[in-house]
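Heads up, the thing below is written out as C-alpha coordinates.
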Amino acid sequence: MLLGPRDRDLVASRKEPLMEGWTLLVVRQLDAENHEAGGYVVAADTVGAGVGEVVLYATGSSARQTETTRDRPCDAVIMAIVDTWEIGGREIYRK
Amino acid sequence: MLLGPRDRDLVASRKEPLMEGWTLLVVRQLDAENHEAGGYVVAADTVGAGVGEVVLYATGSSARQTETTRDRPCDAVIMAIVDTWEIGGREIYRK
Amino acid sequence: MLLGPRDRDLVASRKEPLMEGWTLLVVRQLDAENHEAGGYVVAADTVGAGVGEVVLYATGSSARQTETTRDRPCDAVIMAIVDTWEIGGREIYRK
Amino acid sequence: MLLGPRDRDLVASRKEPLMEGWTLLVVRQLDAENHEAGGYVVAADTVGAGVGEVVLYATGSSARQTETTRDRPCDAVIMAIVDTWEIGGREIYRK
Amino acid sequence: MLLGPRDRDLVASRKEPLMEGWTLLVVRQLDAENHEAGGYVVAADTVGAGVGEVVLYATGSSARQTETTRDRPCDAVIMAIVDTWEIGGREIYRK
(Lines give C-alpha, C1' and ligand atoms only; values in the text may rest on other atoms or scores of the structure.)
Protein backbone atom coordinates (compact mmCIF):
# COMPACT_ATOMS: atom_id res chain seq x y z
CA MET A 1 0.00 0.00 0.00
CA LEU A 2 1.15 3.56 -0.62
CA LEU A 3 0.21 7.02 0.63
CA GLY A 4 -1.05 10.13 -1.12
CA PRO A 5 -3.20 13.23 -0.63
CA ARG A 6 -6.71 13.26 -2.11
CA ASP A 7 -7.36 16.45 -4.01
CA ARG A 8 -8.09 15.77 -7.67
CA ASP A 9 -11.27 14.50 -9.28
CA LEU A 10 -11.43 12.84 -12.64
CA VAL A 11 -14.52 12.69 -14.83
CA ALA A 12 -14.98 10.11 -17.57
CA SER A 13 -18.41 9.92 -19.17
CA ARG A 14 -17.60 7.28 -21.81
CA LYS A 15 -16.33 4.19 -20.06
CA GLU A 16 -16.31 0.44 -19.59
CA PRO A 17 -19.75 -0.36 -18.05
CA LEU A 18 -18.13 -2.26 -15.14
CA MET A 19 -16.73 1.07 -13.84
CA GLU A 20 -20.19 2.55 -13.24
CA GLY A 21 -20.60 4.00 -9.76
CA TRP A 22 -16.93 4.54 -8.96
CA THR A 23 -15.61 7.86 -7.71
CA LEU A 24 -12.27 8.27 -9.50
CA LEU A 25 -9.55 10.33 -7.84
CA VAL A 26 -6.07 11.29 -9.00
CA VAL A 27 -3.80 10.54 -6.04
CA ARG A 28 -0.22 11.82 -6.03
CA GLN A 29 2.29 9.56 -4.26
CA LEU A 30 3.89 10.69 -1.03
CA ASP A 31 7.23 9.41 0.20
CA ALA A 32 7.68 8.14 3.77
CA GLU A 33 8.51 11.68 5.00
CA ASN A 34 5.26 13.17 3.66
CA HIS A 35 6.80 14.86 0.59
CA GLU A 36 5.50 14.42 -2.95
CA ALA A 37 7.35 11.59 -4.71
CA GLY A 38 6.50 12.47 -8.31
CA GLY A 39 4.18 9.63 -9.32
CA TYR A 40 0.40 9.37 -9.19
CA VAL A 41 -2.35 6.87 -9.67
CA VAL A 42 -6.03 7.13 -10.57
CA ALA A 43 -7.88 5.17 -7.87
CA ALA A 44 -11.47 4.22 -7.08
CA ASP A 45 -12.55 5.61 -3.71
CA THR A 46 -14.38 3.22 -1.36
CA VAL A 47 -14.14 5.29 1.83
CA GLY A 48 -15.33 8.78 0.83
CA ALA A 49 -12.06 10.70 1.17
CA GLY A 50 -12.40 14.47 1.61
CA VAL A 51 -10.23 17.09 -0.10
CA GLY A 52 -6.78 17.30 1.52
CA GLU A 53 -7.02 14.03 3.42
CA VAL A 54 -4.10 11.61 3.13
CA VAL A 55 -5.25 8.24 1.88
CA LEU A 56 -3.87 4.72 1.82
CA TYR A 57 -4.34 2.89 -1.46
CA ALA A 58 -3.70 -0.64 -2.73
CA THR A 59 -2.72 -1.53 -6.29
CA GLY A 60 -2.82 -4.56 -8.54
CA SER A 61 -5.16 -7.50 -8.01
CA SER A 62 -5.53 -6.53 -4.34
CA ALA A 63 -7.48 -3.48 -5.51
CA ARG A 64 -10.26 -5.86 -6.55
CA GLN A 65 -10.77 -7.28 -3.05
CA THR A 66 -13.43 -4.78 -1.97
CA GLU A 67 -17.19 -4.99 -2.40
CA THR A 68 -17.17 -2.09 -4.89
CA THR A 69 -14.38 -3.36 -7.11
CA ARG A 70 -14.62 -7.18 -7.02
CA ASP A 71 -14.33 -8.74 -10.51
CA ARG A 72 -14.10 -5.30 -12.09
CA PRO A 73 -11.21 -3.74 -14.07
CA CYS A 74 -9.80 -1.79 -11.12
CA ASP A 75 -6.06 -1.74 -10.36
CA ALA A 76 -5.98 0.93 -7.61
CA VAL A 77 -8.36 1.48 -4.71
CA ILE A 78 -8.42 3.91 -1.79
CA MET A 79 -8.81 1.83 1.35
CA ALA A 80 -8.34 4.15 4.32
CA ILE A 81 -7.99 7.74 5.51
CA VAL A 82 -4.72 8.10 7.39
CA ASP A 83 -4.80 9.69 10.86
CA THR A 84 -1.10 9.57 11.78
CA TRP A 85 2.19 7.93 10.98
CA GLU A 86 5.43 8.12 12.88
CA ILE A 87 9.10 7.06 12.93
CA GLY A 88 10.33 5.68 16.26
CA GLY A 89 8.12 8.04 18.24
CA ARG A 90 8.64 11.05 15.91
CA GLU A 91 5.39 12.02 14.25
CA ILE A 92 5.63 12.49 10.49
CA TYR A 93 1.99 13.27 9.84
CA ARG A 94 -1.16 14.00 11.82
CA LYS A 95 -4.50 14.67 10.20
CA MET B 1 -5.09 3.31 -13.45
CA LEU B 2 -2.97 5.77 -15.40
CA LEU B 3 -3.58 8.45 -18.04
CA GLY B 4 -2.31 8.88 -21.57
CA PRO B 5 -3.24 10.31 -24.98
CA ARG B 6 -4.40 7.93 -27.72
CA ASP B 7 -2.62 8.59 -30.97
CA ARG B 8 -0.64 5.55 -32.07
CA ASP B 9 -1.88 2.37 -33.71
CA LEU B 10 0.02 -0.87 -33.72
CA VAL B 11 -0.41 -3.64 -36.27
CA ALA B 12 0.59 -7.24 -35.60
CA SER B 13 -0.50 -9.82 -38.16
CA ARG B 14 1.24 -12.86 -36.60
CA LYS B 15 -0.03 -13.26 -33.08
CA GLU B 16 -1.35 -15.44 -30.28
CA PRO B 17 -4.88 -16.49 -31.41
CA LEU B 18 -6.44 -15.25 -28.14
CA MET B 19 -5.59 -11.67 -29.19
CA GLU B 20 -7.87 -11.77 -32.25
CA GLY B 21 -10.25 -8.83 -32.42
CA TRP B 22 -8.33 -6.42 -30.23
CA THR B 23 -7.50 -2.91 -31.34
CA LEU B 24 -3.97 -2.32 -30.06
CA LEU B 25 -2.87 1.22 -29.25
CA VAL B 26 0.45 2.62 -28.08
CA VAL B 27 -0.41 4.93 -25.16
CA ARG B 28 2.21 7.30 -23.79
CA GLN B 29 1.96 7.97 -20.03
CA LEU B 30 0.95 11.40 -18.79
CA ASP B 31 1.89 12.74 -15.38
CA ALA B 32 -0.74 14.30 -13.07
CA GLU B 33 -0.16 17.75 -14.65
CA ASN B 34 -0.89 16.52 -18.19
CA HIS B 35 2.75 16.40 -19.36
CA GLU B 36 4.35 13.35 -20.99
CA ALA B 37 6.06 11.18 -18.38
CA GLY B 38 8.33 9.19 -20.66
CA GLY B 39 6.83 5.68 -20.49
CA TYR B 40 4.25 3.98 -22.65
CA VAL B 41 2.17 0.85 -22.81
CA VAL B 42 0.51 -1.08 -25.62
CA ALA B 43 -3.12 -1.49 -24.58
CA ALA B 44 -6.25 -3.16 -25.93
CA ASP B 45 -9.02 -0.62 -26.56
CA THR B 46 -12.52 -1.51 -25.30
CA VAL B 47 -14.11 1.94 -25.61
CA GLY B 48 -13.23 3.12 -29.13
CA ALA B 49 -10.88 5.99 -28.30
CA GLY B 50 -10.42 8.60 -31.02
CA VAL B 51 -7.13 10.20 -32.00
CA GLY B 52 -6.04 12.83 -29.45
CA GLU B 53 -8.40 11.72 -26.71
CA VAL B 54 -6.95 11.17 -23.24
CA VAL B 55 -7.67 7.68 -21.99
CA LEU B 56 -7.65 5.91 -18.65
CA TYR B 57 -6.08 2.47 -18.69
CA ALA B 58 -5.67 -0.35 -16.19
CA THR B 59 -2.71 -2.74 -16.06
CA GLY B 60 -1.94 -6.18 -14.70
CA SER B 61 -4.58 -8.79 -13.95
CA SER B 62 -7.22 -6.04 -13.72
CA ALA B 63 -6.83 -5.58 -17.47
CA ARG B 64 -8.48 -8.97 -17.88
CA GLN B 65 -11.71 -7.97 -16.11
CA THR B 66 -13.53 -6.78 -19.22
CA GLU B 67 -15.70 -8.79 -21.61
CA THR B 68 -13.14 -8.40 -24.41
CA THR B 69 -10.09 -9.43 -22.44
CA ARG B 70 -11.29 -11.99 -19.88
CA ASP B 71 -9.00 -15.07 -19.70
CA ARG B 72 -6.82 -13.66 -22.47
CA PRO B 73 -3.13 -12.64 -22.36
CA CYS B 74 -3.84 -8.92 -21.90
CA ASP B 75 -1.97 -6.83 -19.32
CA ALA B 76 -3.20 -3.33 -20.29
CA VAL B 77 -6.68 -2.18 -21.29
CA ILE B 78 -8.19 1.21 -22.11
CA MET B 79 -11.25 1.61 -19.91
CA ALA B 80 -12.48 5.17 -20.32
CA ILE B 81 -12.18 8.43 -22.24
CA VAL B 82 -11.33 11.23 -19.82
CA ASP B 83 -13.48 14.39 -19.91
CA THR B 84 -11.78 16.47 -17.17
CA TRP B 85 -9.53 16.27 -14.18
CA GLU B 86 -8.76 18.95 -11.63
CA ILE B 87 -6.72 19.85 -8.54
CA GLY B 88 -8.67 21.53 -5.75
CA GLY B 89 -10.92 23.34 -8.20
CA ARG B 90 -8.13 24.13 -10.71
CA GLU B 91 -8.77 22.37 -13.99
CA ILE B 92 -5.77 20.46 -15.36
CA TYR B 93 -7.44 19.01 -18.42
CA ARG B 94 -10.71 19.40 -20.31
CA LYS B 95 -11.50 17.40 -23.43
CA MET C 1 10.37 -10.32 -1.48
CA LEU C 2 12.25 -7.24 -0.32
CA LEU C 3 13.93 -6.08 2.88
CA GLY C 4 13.35 -3.11 5.16
CA PRO C 5 13.58 -1.97 8.78
CA ARG C 6 10.41 -1.82 10.86
CA ASP C 7 10.11 1.47 12.69
CA ARG C 8 7.03 3.40 11.65
CA ASP C 9 3.43 2.87 12.67
CA LEU C 10 0.47 4.11 10.70
CA VAL C 11 -2.97 4.73 12.16
CA ALA C 12 -6.11 4.83 10.03
CA SER C 13 -9.41 4.91 11.87
CA ARG C 14 -11.69 5.26 8.83
CA LYS C 15 -11.07 2.32 6.55
CA GLU C 16 -12.34 -0.49 4.37
CA PRO C 17 -13.93 -2.99 6.84
CA LEU C 18 -11.84 -5.87 5.43
CA MET C 19 -8.71 -4.22 6.87
CA GLU C 20 -9.91 -4.57 10.48
CA GLY C 21 -7.34 -6.17 12.76
CA TRP C 22 -4.24 -5.41 10.70
CA THR C 23 -1.19 -3.74 12.20
CA LEU C 24 -0.02 -1.35 9.49
CA LEU C 25 3.67 -0.46 9.31
CA VAL C 26 5.58 1.90 7.04
CA VAL C 27 8.61 -0.09 5.87
CA ARG C 28 11.47 1.67 4.08
CA GLN C 29 13.23 -0.42 1.43
CA LEU C 30 16.81 -1.53 1.97
CA ASP C 31 19.19 -2.38 -0.84
CA ALA C 32 21.21 -5.62 -0.83
CA GLU C 33 24.03 -3.92 1.14
CA ASN C 34 21.72 -2.82 3.97
CA HIS C 35 21.48 0.85 2.95
CA GLU C 36 18.19 2.72 2.50
CA ALA C 37 17.05 2.55 -1.12
CA GLY C 38 14.60 5.45 -1.10
CA GLY C 39 11.25 3.70 -1.48
CA TYR C 40 8.80 2.45 1.12
CA VAL C 41 5.66 0.43 1.41
CA VAL C 42 2.83 0.27 3.94
CA ALA C 43 2.53 -3.40 4.91
CA ALA C 44 0.32 -5.52 7.16
CA ASP C 45 2.36 -7.24 9.86
CA THR C 46 1.68 -10.96 10.46
CA VAL C 47 4.75 -11.76 12.54
CA GLY C 48 4.82 -9.05 15.23
CA ALA C 49 7.95 -7.18 14.17
CA GLY C 50 9.62 -5.07 16.88
CA VAL C 51 11.05 -1.59 16.41
CA GLY C 52 14.39 -1.70 14.56
CA GLU C 53 14.05 -5.25 13.30
CA VAL C 54 14.71 -5.89 9.61
CA VAL C 55 11.74 -7.55 7.97
CA LEU C 56 11.09 -9.48 4.78
CA TYR C 57 7.91 -8.51 2.97
CA ALA C 58 6.03 -9.79 -0.08
CA THR C 59 4.00 -7.62 -2.45
CA GLY C 60 1.21 -8.06 -4.97
CA SER C 61 -1.20 -10.97 -4.92
CA SER C 62 1.30 -13.02 -2.91
CA ALA C 63 0.62 -10.68 0.02
CA ARG C 64 -2.85 -12.24 0.23
CA GLN C 65 -1.56 -15.78 0.81
CA THR C 66 -1.52 -15.57 4.61
CA GLU C 67 -4.29 -16.39 7.05
CA THR C 68 -4.64 -12.71 8.05
CA THR C 69 -4.79 -11.27 4.55
CA ARG C 70 -6.52 -13.90 2.39
CA ASP C 71 -9.22 -12.41 0.13
CA ARG C 72 -8.61 -8.97 1.59
CA PRO C 73 -7.35 -5.79 -0.16
CA CYS C 74 -3.73 -6.22 0.97
CA ASP C 75 -0.82 -5.74 -1.45
CA ALA C 76 2.10 -5.89 1.01
CA VAL C 77 2.67 -8.17 3.98
CA ILE C 78 5.53 -8.65 6.43
CA MET C 79 6.40 -12.35 6.42
CA ALA C 80 9.57 -12.77 8.43
CA ILE C 81 12.07 -11.16 10.77
CA VAL C 82 15.53 -11.39 9.23
CA ASP C 83 18.36 -12.81 11.36
CA THR C 84 21.28 -12.57 8.89
CA TRP C 85 22.18 -12.26 5.26
CA GLU C 86 25.55 -12.62 3.62
CA ILE C 87 27.51 -12.43 0.36
CA GLY C 88 29.84 -15.35 -0.32
CA GLY C 89 30.62 -15.77 3.35
CA ARG C 90 30.79 -12.01 4.10
CA GLU C 91 28.07 -11.03 6.52
CA ILE C 92 26.03 -8.00 5.45
CA TYR C 93 23.58 -7.96 8.35
CA ARG C 94 23.14 -9.68 11.70
CA LYS C 95 20.25 -8.93 14.00
CA MET D 1 2.18 -4.99 -23.24
CA LEU D 2 5.61 -3.67 -24.21
CA LEU D 3 7.81 -3.80 -27.31
CA GLY D 4 11.29 -5.15 -27.92
CA PRO D 5 13.51 -6.71 -30.57
CA ARG D 6 14.10 -10.47 -30.49
CA ASP D 7 17.76 -11.31 -30.83
CA ARG D 8 19.04 -13.18 -27.81
CA ASP D 9 18.58 -16.82 -26.87
CA LEU D 10 18.95 -18.15 -23.39
CA VAL D 11 19.78 -21.74 -22.53
CA ALA D 12 19.01 -23.26 -19.14
CA SER D 13 19.47 -27.01 -18.82
CA ARG D 14 18.68 -27.31 -15.09
CA LYS D 15 15.24 -25.93 -14.49
CA GLU D 16 11.81 -26.17 -12.92
CA PRO D 17 10.08 -29.10 -14.78
CA LEU D 18 7.05 -26.90 -15.61
CA MET D 19 9.27 -24.83 -17.93
CA GLU D 20 9.97 -27.77 -20.27
CA GLY D 21 9.33 -26.95 -23.91
CA TRP D 22 9.64 -23.19 -23.68
CA THR D 23 11.88 -21.21 -26.01
CA LEU D 24 13.39 -18.52 -23.77
CA LEU D 25 14.44 -15.22 -25.31
CA VAL D 26 16.10 -12.16 -23.82
CA VAL D 27 14.05 -9.20 -25.08
CA ARG D 28 15.37 -5.67 -24.65
CA GLN D 29 12.69 -2.99 -24.10
CA LEU D 30 12.03 -0.38 -26.75
CA ASP D 31 10.52 3.02 -26.03
CA ALA D 32 7.59 4.36 -28.08
CA GLU D 33 10.00 5.90 -30.63
CA ASN D 34 11.76 2.58 -31.33
CA HIS D 35 14.92 3.32 -29.30
CA GLU D 36 16.32 0.97 -26.65
CA ALA D 37 14.97 1.88 -23.22
CA GLY D 38 17.56 0.09 -21.10
CA GLY D 39 15.55 -2.72 -19.52
CA TYR D 40 15.00 -6.29 -20.66
CA VAL D 41 12.98 -9.34 -19.82
CA VAL D 42 13.41 -13.05 -20.39
CA ALA D 43 10.21 -14.21 -22.09
CA ALA D 44 8.73 -17.48 -23.34
CA ASP D 45 8.06 -17.37 -27.07
CA THR D 46 4.69 -18.66 -28.29
CA VAL D 47 4.78 -17.24 -31.83
CA GLY D 48 8.19 -18.29 -33.19
CA ALA D 49 9.84 -14.88 -33.46
CA GLY D 50 12.78 -14.64 -35.84
CA VAL D 51 16.05 -12.80 -35.19
CA GLY D 52 15.60 -9.02 -35.53
CA GLU D 53 11.81 -9.05 -35.41
CA VAL D 54 10.11 -6.64 -33.01
CA VAL D 55 7.84 -8.48 -30.63
CA LEU D 56 4.98 -7.58 -28.31
CA TYR D 57 5.12 -9.20 -24.90
CA ALA D 58 2.84 -9.35 -21.88
CA THR D 59 4.03 -9.59 -18.27
CA GLY D 60 2.65 -10.68 -14.92
CA SER D 61 -0.26 -13.07 -14.54
CA SER D 62 -1.42 -12.22 -18.07
CA ALA D 63 1.63 -14.07 -19.34
CA ARG D 64 0.00 -17.29 -18.13
CA GLN D 65 -3.09 -16.89 -20.33
CA THR D 66 -1.72 -18.81 -23.31
CA GLU D 67 -1.91 -22.54 -24.01
CA THR D 68 1.85 -22.94 -23.55
CA THR D 69 2.13 -21.07 -20.26
CA ARG D 70 -1.17 -21.71 -18.42
CA ASP D 71 -0.62 -22.64 -14.74
CA ARG D 72 3.14 -22.50 -15.21
CA PRO D 73 5.70 -20.19 -13.56
CA CYS D 74 5.88 -17.76 -16.48
CA ASP D 75 5.78 -13.99 -15.95
CA ALA D 76 6.60 -12.81 -19.50
CA VAL D 77 5.39 -14.13 -22.84
CA ILE D 78 5.88 -13.05 -26.43
CA MET D 79 2.44 -12.72 -27.98
CA ALA D 80 2.88 -11.14 -31.40
CA ILE D 81 5.30 -10.05 -34.10
CA VAL D 82 4.84 -6.34 -34.78
CA ASP D 83 4.35 -5.21 -38.39
CA THR D 84 4.02 -1.43 -37.91
CA TRP D 85 3.24 1.26 -35.40
CA GLU D 86 2.62 4.94 -35.99
CA ILE D 87 1.94 8.32 -34.36
CA GLY D 88 -0.88 10.33 -35.90
CA GLY D 89 -0.10 9.03 -39.37
CA ARG D 90 3.72 9.19 -38.94
CA GLU D 91 5.21 5.73 -39.15
CA ILE D 92 7.61 4.89 -36.32
CA TYR D 93 8.36 1.32 -37.32
CA ARG D 94 7.75 -0.99 -40.27
CA LYS D 95 8.96 -4.57 -40.33
CA MET E 1 11.74 -13.41 -15.84
CA LEU E 2 14.99 -11.72 -14.90
CA LEU E 3 18.60 -12.80 -14.38
CA GLY E 4 20.93 -12.59 -11.41
CA PRO E 5 23.87 -14.33 -9.74
CA ARG E 6 23.22 -16.51 -6.71
CA ASP E 7 25.61 -15.71 -3.89
CA ARG E 8 23.77 -14.50 -0.81
CA ASP E 9 21.86 -16.50 1.78
CA LEU E 10 19.26 -15.04 4.07
CA VAL E 11 18.25 -16.53 7.40
CA ALA E 12 14.92 -15.76 9.05
CA SER E 13 14.01 -17.85 12.09
CA ARG E 14 10.74 -16.08 12.97
CA LYS E 15 8.44 -16.25 9.99
CA GLU E 16 5.05 -16.91 8.48
CA PRO E 17 4.52 -20.71 8.85
CA LEU E 18 3.71 -21.07 5.13
CA MET E 19 7.36 -20.21 4.35
CA GLU E 20 8.74 -23.29 6.13
CA GLY E 21 11.14 -25.28 3.99
CA TRP E 22 12.17 -22.54 1.60
CA THR E 23 15.79 -21.71 0.89
CA LEU E 24 15.85 -17.91 0.67
CA LEU E 25 18.48 -16.25 -1.49
CA VAL E 26 19.28 -12.59 -2.13
CA VAL E 27 19.62 -12.30 -5.92
CA ARG E 28 21.07 -9.14 -7.44
CA GLN E 29 19.63 -8.19 -10.84
CA LEU E 30 21.82 -8.40 -13.93
CA ASP E 31 21.21 -6.35 -17.05
CA ALA E 32 21.15 -7.96 -20.51
CA GLU E 33 24.95 -7.52 -20.85
CA ASN E 34 25.72 -9.41 -17.61
CA HIS E 35 26.48 -6.31 -15.50
CA GLU E 36 24.86 -5.61 -12.14
CA ALA E 37 21.75 -3.46 -12.58
CA GLY E 38 21.41 -2.20 -9.00
CA GLY E 39 18.27 -3.95 -7.79
CA TYR E 40 17.80 -7.23 -5.98
CA VAL E 41 15.11 -9.59 -4.86
CA VAL E 42 14.83 -12.21 -2.14
CA ALA E 43 13.69 -15.38 -3.88
CA ALA E 44 12.79 -18.93 -2.90
CA ASP E 45 15.09 -21.48 -4.58
CA THR E 46 13.44 -24.52 -6.19
CA VAL E 47 16.41 -25.74 -8.23
CA GLY E 48 19.32 -25.83 -5.77
CA ALA E 49 21.46 -23.03 -7.20
CA GLY E 50 25.14 -23.12 -6.26
CA VAL E 51 27.26 -20.11 -5.30
CA GLY E 52 28.19 -18.02 -8.35
CA GLU E 53 25.64 -19.58 -10.69
CA VAL E 54 23.46 -17.23 -12.71
CA VAL E 55 19.81 -17.93 -12.11
CA LEU E 56 16.53 -17.11 -13.84
CA TYR E 57 13.75 -16.01 -11.52
CA ALA E 58 10.06 -15.19 -11.91
CA THR E 59 8.18 -12.61 -9.86
CA GLY E 60 4.59 -11.84 -8.93
CA SER E 61 1.81 -14.41 -8.97
CA SER E 62 3.83 -16.55 -11.40
CA ALA E 63 6.25 -17.24 -8.55
CA ARG E 64 3.48 -19.31 -6.94
CA GLN E 65 3.17 -21.72 -9.88
CA THR E 66 5.70 -24.27 -8.60
CA GLU E 67 5.13 -27.24 -6.32
CA THR E 68 7.11 -25.61 -3.50
CA THR E 69 5.40 -22.23 -3.59
CA ARG E 70 1.79 -22.90 -4.65
CA ASP E 71 -0.75 -21.01 -2.49
CA ARG E 72 2.05 -19.61 -0.33
CA PRO E 73 3.10 -15.95 0.18
CA CYS E 74 5.95 -16.09 -2.35
CA ASP E 75 6.49 -13.31 -4.91
CA ALA E 76 9.87 -14.39 -6.34
CA VAL E 77 11.15 -17.85 -7.22
CA ILE E 78 14.35 -19.17 -8.80
CA MET E 79 13.32 -21.38 -11.71
CA ALA E 80 16.47 -22.26 -13.62
CA ILE E 81 20.26 -22.20 -13.70
CA VAL E 82 21.41 -20.36 -16.82
CA ASP E 83 23.97 -22.05 -19.06
CA THR E 84 24.39 -19.42 -21.79
CA TRP E 85 22.80 -16.41 -23.37
CA GLU E 86 23.77 -14.61 -26.54
CA ILE E 87 23.07 -11.65 -28.85
CA GLY E 88 22.88 -12.49 -32.54
CA GLY E 89 25.54 -15.17 -32.23
CA ARG E 90 27.74 -13.18 -29.77
CA GLU E 91 27.93 -14.97 -26.46
CA ILE E 92 27.21 -12.74 -23.45
CA TYR E 93 27.50 -15.40 -20.78
CA ARG E 94 28.60 -19.00 -20.47
CA LYS E 95 28.52 -20.89 -17.20
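We call the chains A, B, C, D and E, going by the order they appear; numbering starts again at 1 in every chain.
Everything below uses one rule, namely that a residue touches a chain if its C-beta (ideal position, glycine included) is under 8 Å from a C-beta of that chain, and two chains touch if they have at least 3 such contacts.
Remember, it's a predicted structure, so these values are computed and weren't measured experimentally.
K.L.:
Figure out the least number of contact steps between chain C and chain D, where 1 means they touch directly.
P.N.:
Step count on the best path from chain C to chain D: 2.
K.L.:
For chain B superposed on chain D via Cα atoms, how large is the rotation, as a multiple of 5°?
P.N.:
It works out to 70 degrees.
K.L.:
What is the distance, in whole Å, between the centres of chain A and chain D, each centre taken as the mean of its C-alpha atoms?
P.N.:
Chain centroid spacing, chain A to chain D, equals 32 Å.
K.L.:
Using CA atom averages as chain centres, what separation in Å is found between chain D and chain E?
P.N.:
Centre-to-centre distance between chain D and chain E: 20 Å.
K.L.:
Residues touching two or more other chains, restricted to chain C: which are they?
P.N.:
Each of 60-61, 63-64 in chain C touches at least two other chains.
K.L.:
Moving around the ring in the sense set by going from chain B to chain D, list every chain once.
P.N.:
Cyclic order starting at chain B, direction chain D: B, D, E, C, A.
K.L.:
Looking at the complex, which residues from chain B come into contact with chain D?
P.N.:
It is residues 7-16, 18-19, 24, 26, 28, 38, 40-43, 51, 60-61, 63-64, 71-76 of chain B that touch chain D.
K.L.:
Mind pulling up the chain E residues that touch chain D in the complex?
P.N.:
Residue positions touching the partner: 1-3, 31-32, 46-47, 56, 58-63, 65-66, 77, 79-88, 92.
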